[in-house]
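First, the structure itself, so that you have it in front of you.
Chains here go by letter, A, B and C, matching the order in which they are written, and residues are numbered from 1 within each.
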Amino acid sequence: MKPEISKIQGAAEAILFASGEPVSLERLAEVLELDKPTAEKILNHLTDRFNAENAGVQILRLEDGWQMCTRAEYAGQVRQALDMRRNMPLSQAALEVLAVVAYNQPVTKSFVEQVRGVDCSGVLGSLTSKGLVEERGRLDLPGRPLIYGTTPDFLRCLGISSLDDLPPVEHGEEEEEADEPQKQSWPAEDAG
Amino acid sequence: MKPEISKIQGAAEAILFASGEPVSLERLAEVLELDKPTAEKILNHLTDRFNAENAGVQILRLEDGWQMCTRAEYAGQVRQALDMRRNMPLSQAALEVLAVVAYNQPVTKSFVEQVRGVDCSGVLGSLTSKGLVEERGRLDLPGRPLIYGTTPDFLRCLGISSLDDLPPVEHGEEEEEADEPQKQSWPAEDAG
Amino acid sequence: MEKLNYRLETFEGPLDLLLVLIRKNKMSILDIRITELVDQYLEQIGAMRQRDMDVSSDFLEMAARLVYIKTVSLLPKTEEAEQLSRELSGQLLEYEECRRIASLLGKKITFDSFPREQAKVEFDTSYRGNILPEALFDAYRSAVGRGRRLLPPKPEAFSGIVSHGIVSVTSRIIRVLRRLRGTGTARYTDLYSGCRGRSELVATFLAVLELVRGKRIRVDGEDNDVVTLLHRPAAQRKPVGSEQQ
């Protein structure tokens, strides 16, 4: 009986952990293959065990189920740790995408991908959520692709006041698209 | 003293929980305001406590950091509760590319292709999007080829803590010291 | 030779196929009997083609390499053949080891433990770190360096290589024809008079070759070469060769 219960508790714990949101009693009972009262008893027990310790993680009983989250008293340290990662130096891939956008804006994703030769969706997304790159509407072309440009925050992070202050790309040595308006060099629309 | 330590452990636990990704020793030490050896001791203790129980959540040591994740034995229930699909097992080609990258990283695509004798662009791309392999910048050679390495996720999926725990390579060309005892139990080889 | 009974499997690549053949023939990787291997390899590729299976260029490249090794090994001096065989053996050993490791990884790798998404801590996610303009610039060069291999090069990219203006062969064809129009003949060397620079000389030479090929002119003689305009129905045929030098 005992190991059986601890396995069910383990499963409940794993489910609550992996789900970012509250998990309902119905769902838990269904997955754990228990009737609702038993499931509730087990969840309450799990909650007590978690919350008794002076632990970093707690289980909250909410209206619509249970949710695992950090204890409020550690919010400061959690924030600090996550904040640090937020401001870690950008990855090489992120820097490259940012550079291509900065020197050629406004650009479509497919333009960036054509220049870099690799898929850039994830990187563009994370640059957008970091506030360094922003959407600038859509191109009036088939597929109406989104176009991107850099933000004022981007200038601030670089410590420059205008895009004109970016290190100039030399003629001849570098690709010419940095200097020309981009209108004519949009890559052909692709299905991807 | 005792409550102090349990508070630090609580904070570490909260940070690992909230972060999702592996958190490096360096960052943990900084946020917890400890020197690295002490932070490591506390994290190891926390890890033991978590992993001793028949719990749903475990702490993994990955390279120089720690990550919290669910235990594999509850995978079925977690998938069911969160409506996740089962991951397809990796193809033979993907495993081969992964093997070459893991043992020789950082490597270029053309190195991988030389070992396997076939084009590997597609496979490398899909391993990258699965998060098992990542770009690591470029080689300073003509063409500036991208170089690739494995991610902490790769270690996690393999259930090992470090690249040192990979199964040893057999014939001596790799100039590796084989005097270290094998930390992990690798299944006996077969002809495949 | 023993007729091998293949089930037509898909191979991971030419090395995979070679390993299968070596195993079936009970050869040692270190002692490859190249003649047997070539025949069976080609036979297998033929079979794959018959079934309309995808035979990638990698397979064909290996076929060429095997045939070359075989050819060299038929020559009396076999040092090169030994060297080539050793290289192939080394590559096969390495690939075999790669497969062994891959199979070990395959047995261990699972996607059964789930990390969490990062907790939604309520701060704005905007980036507050510093970015060095130089780092951004380097990243740009790096990105463009890669893209350049994938984008077709622009004409300007060749400006450093072709520093003399481009002389089109077509323009020289017209010039040669014009010169011949009056008398119908000219001395060969006269065609080059007035050429400035190597580009014009080369373009004129190519123009003459094109015209000869198109049977518009004939070049006769040895010392005092004479170029003759051949009579053809006018405007029936445009000058060949409109490509640029």
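Following the convention adopted for this analysis, a contact is a pair of C-beta atoms (placed from the backbone, for glycine too) under 8 Å apart; a residue touches a chain by one contact, two chains touch by 3 or more.
Note that this is a predicted model, so its numbers are computed, not measured.
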{"item": "Contact graph of the chains (line, ring, star, complete, other)", "value": "complete"}
{"item": "Chain of greatest Cα-centre distance to chain B", "value": "C"}
{"item": "Distance between chain centroids, defined by C-alpha means - chain A, chain B (Å)", "value": "20"}
{"item": "Rounded Å distance, chain B centre to chain C centre (Cα mean)", "value": "38"}
{"item": "Multi-chain contact residues (two or more partners), chain A", "value": "14, 17-18, 69-70, 78, 82, 92"}
{"item": "Shared interface positions of chain C, touching two or more other chains", "value": "114, 116-119, 121, 142, 146, 149"}
{"item": "Contacting residues of chain C [partner chain A, same complex]", "value": "114, 116-121, 123-137, 139-144, 146-151, 154, 156, 159-160"}
{"item": "Chain C partner contacts - residues on chain B that touch it in the complex", "value": "17-21, 58, 60, 67-73, 75, 78, 87, 89-90, 92-93, 95-96, 98-100, 102-103, 115-119, 137-138, 143-146, 156-159, 166-167, 169-171, 173, 186-187, 189-190, 192"}
{"item": "Footprint of chain B on chain C - complex, ascending", "value": "12-16, 56, 58, 62, 91, 93-95, 97-119, 121, 142, 145-146, 149"}
{"item": "Touch list for chain A against partner chain B, complex", "value": "3, 6-7, 9-19, 23, 27-28, 31-32, 54-57, 68-71, 73-74, 77-78, 80-82, 84-85, 91-93, 118-119"}
{"item": "Sites on chain A touched by chain C in the complex", "value": "14, 17-18, 20, 69-70, 75, 78-79, 82-83, 86-90, 92, 95-100, 102-103, 114-117, 129-132, 153-154, 157-160, 165-167, 169, 172, 174-176, 178"}
